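Sharing a structure, written as structure tokens. Questions coming.
Letters A, B, C and D name the chains as they come in the text, with residue numbers starting at 1 for each one.
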Amino acid sequence: MENKTVIRVRYKETDQMGVVYYGNYFTWFEVGRNEFFRNLNLECGELERKDVFLPVIEAGCEYINSAKFDDEVLIKTELVELKGVRFRLNYTIYRISDNTLIAEGFTRHAFVDSELKPINFRRRHPEAWRTLENLL
Amino acid sequence: MENKTVIRVRYKETDQMGVVYYGNYFTWFEVGRNEFFRNLNLECGELERKDVFLPVIEAGCEYINSAKFDDEVLIKTELVELKGVRFRLNYTIYRISDNTLIAEGFTRHAFVDSELKPINFRRRHPEAWRTLENLL
Amino acid sequence: MENKTVIRVRYKETDQMGVVYYGNYFTWFEVGRNEFFRNLNLECGELERKDVFLPVIEAGCEYINSAKFDDEVLIKTELVELKGVRFRLNYTIYRISDNTLIAEGFTRHAFVDSELKPINFRRRHPEAWRTLENLL
Amino acid sequence: MENKTVIRVRYKETDQMGVVYYGNYFTWFEVGRNEFFRNLNLECGELERKDVFLPVIEAGCEYINSAKFDDEVLIKTELVELKGVRFRLNYTIYRISDNTLIAEGFTRHAFVDSELKPINFRRRHPEAWRTLENLL
């Protein structure tokens, strides 16, 4: 299952090369991720109130074409790995006007509590776990 | 008393107009502010551990010249108002290479606790208060 | 005439106080501004291709309540001043869930060319000018 | 050869988890990179005036410990690959107070002109090329 989110490039997100600054794609991944969890009724805000945090332990991105100011871009988010204490999401970014592939990336996350100690999400929240597992 | 801090403009801080994005000056004000408090031995981090937070209640900036990538800029920070529950800092930003005035701005802050409730800083931390008062 | 835009607060936009960082409101003003011009068929990107840039010469914000992660916020943008070489927009930010006023701000802009030299927009682009004038 | 740069964590760079937002490490990599080139007398700004741009084509980061507000962090930057049209830098981030490893990352770059067309940097700028080659 893939989640699709659309955003519009902000002027703030460009740099003097006239394209989107490379670090800002990781913010877009976050936007896709939030939408991904919201659509499963697992809002990150809600998870945090249950003392579940999802810090990123690894992230990467390949930049294939440039996104520009005012472009509408599509963020596809997909769960591709799920273990007791970790998971991985893949992201694909497209420019909508001409369906051009802009970037591909991923984030790997741990399940931790507010002390940043790892927790076993499967045991702590078995129902939410199954919701995720069904996506694989 | 004025506090002086020097930073170098990051590529991230530019936009496609080739100059620093207007919203980023407020981050520079924050850098000047942190340095201002650190030099008084009132680090913001330390204050937060004592349950004192300094949220901004108003901010403004006039943009006079453009800062560019790789410029070294000087941030001058000055306390100009101090009341029981509020204070105001003024900031002046200069390009160092030619001493050009870049921007002038201010922030007004409340003293609050971690619940974001106003506190009377003068009563709660009289010593720190006097340190600030002596600057006026 | 008021333009209305809705955005959702990104995790990136929060800080360790648990609320949106004060400087990020200026990015939201920019989002409202872009939408404002787009709805008049005066996209900023299009204007830049015609060698018209709209740098901010002054900006300010009053922070009334805190926006938080995942909040949907409404940005209202309104043209309130228009002169030969300058204009001013006002912004009002609301949290949508409970219609709370979050912040009020403004930006003042010059009309300049790509060399950042002031231009008389009324003379250079009389039609676009009238579109703006009709909003006052 | 390794380049070392020190920065201090800004409040803006934290998020509501109380640590530095994962995407901001890529900005720190950029700070290290600029310093790396400056120390070789190859300032990025100077390169851009010679129509040489260095867009990122791939980036990644592993997050090992959390950086926090006001931490002084050390950014080590090292050239590890250099080809006709591409190069790779590795970055290591340490918290200075206790010498803790915070993160490890990399960026891969193309040499392009202002039209974003690839250029052969070795042929176009043989002297600058040798400066880089000598670091491997």
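To be clear about the criterion, a residue touches a chain if its C-beta (ideal position, glycine included) is under 8 Å from a C-beta of that chain, and two chains touch if they have at least 3 such contacts.
Not measured: the values here are computed from a predicted model.
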{"item": "Which of C-D and B-D has more C-beta contact pairs", "value": "B-D"}
{"item": "Centroid-based (C-alpha) most distant chain relative to chain A", "value": "B"}
{"item": "Between chain D and chain C, distance of the C-alpha-averaged centres to the nearest whole Å", "value": "33"}
{"item": "For chain A paired with chain D, centre-to-centre distance based on mean C-alpha positions, whole Å", "value": "24"}
{"item": "Cα-centroid distance, chain B relative to chain D, in whole angstrom", "value": "28"}
{"item": "Per-residue overlap in chain D, given as positions that touch at least 2 other chains", "value": "11-12, 16-17, 19, 23, 27, 30, 69"}
{"item": "Chain B partner contacts - residues on chain D that touch it in the complex", "value": "8, 10-12, 27, 30-31, 34, 38, 43-45, 68-70"}
{"item": "Contacting residues of chain C [partner chain B, same complex]", "value": "16-17, 19, 22-24, 26-27, 30, 48, 53, 55-63, 66, 107, 116"}
{"item": "Chain D-touching residues of chain C, taken from the complex the two chains share", "value": "11-12, 14-19, 21, 23, 69"}
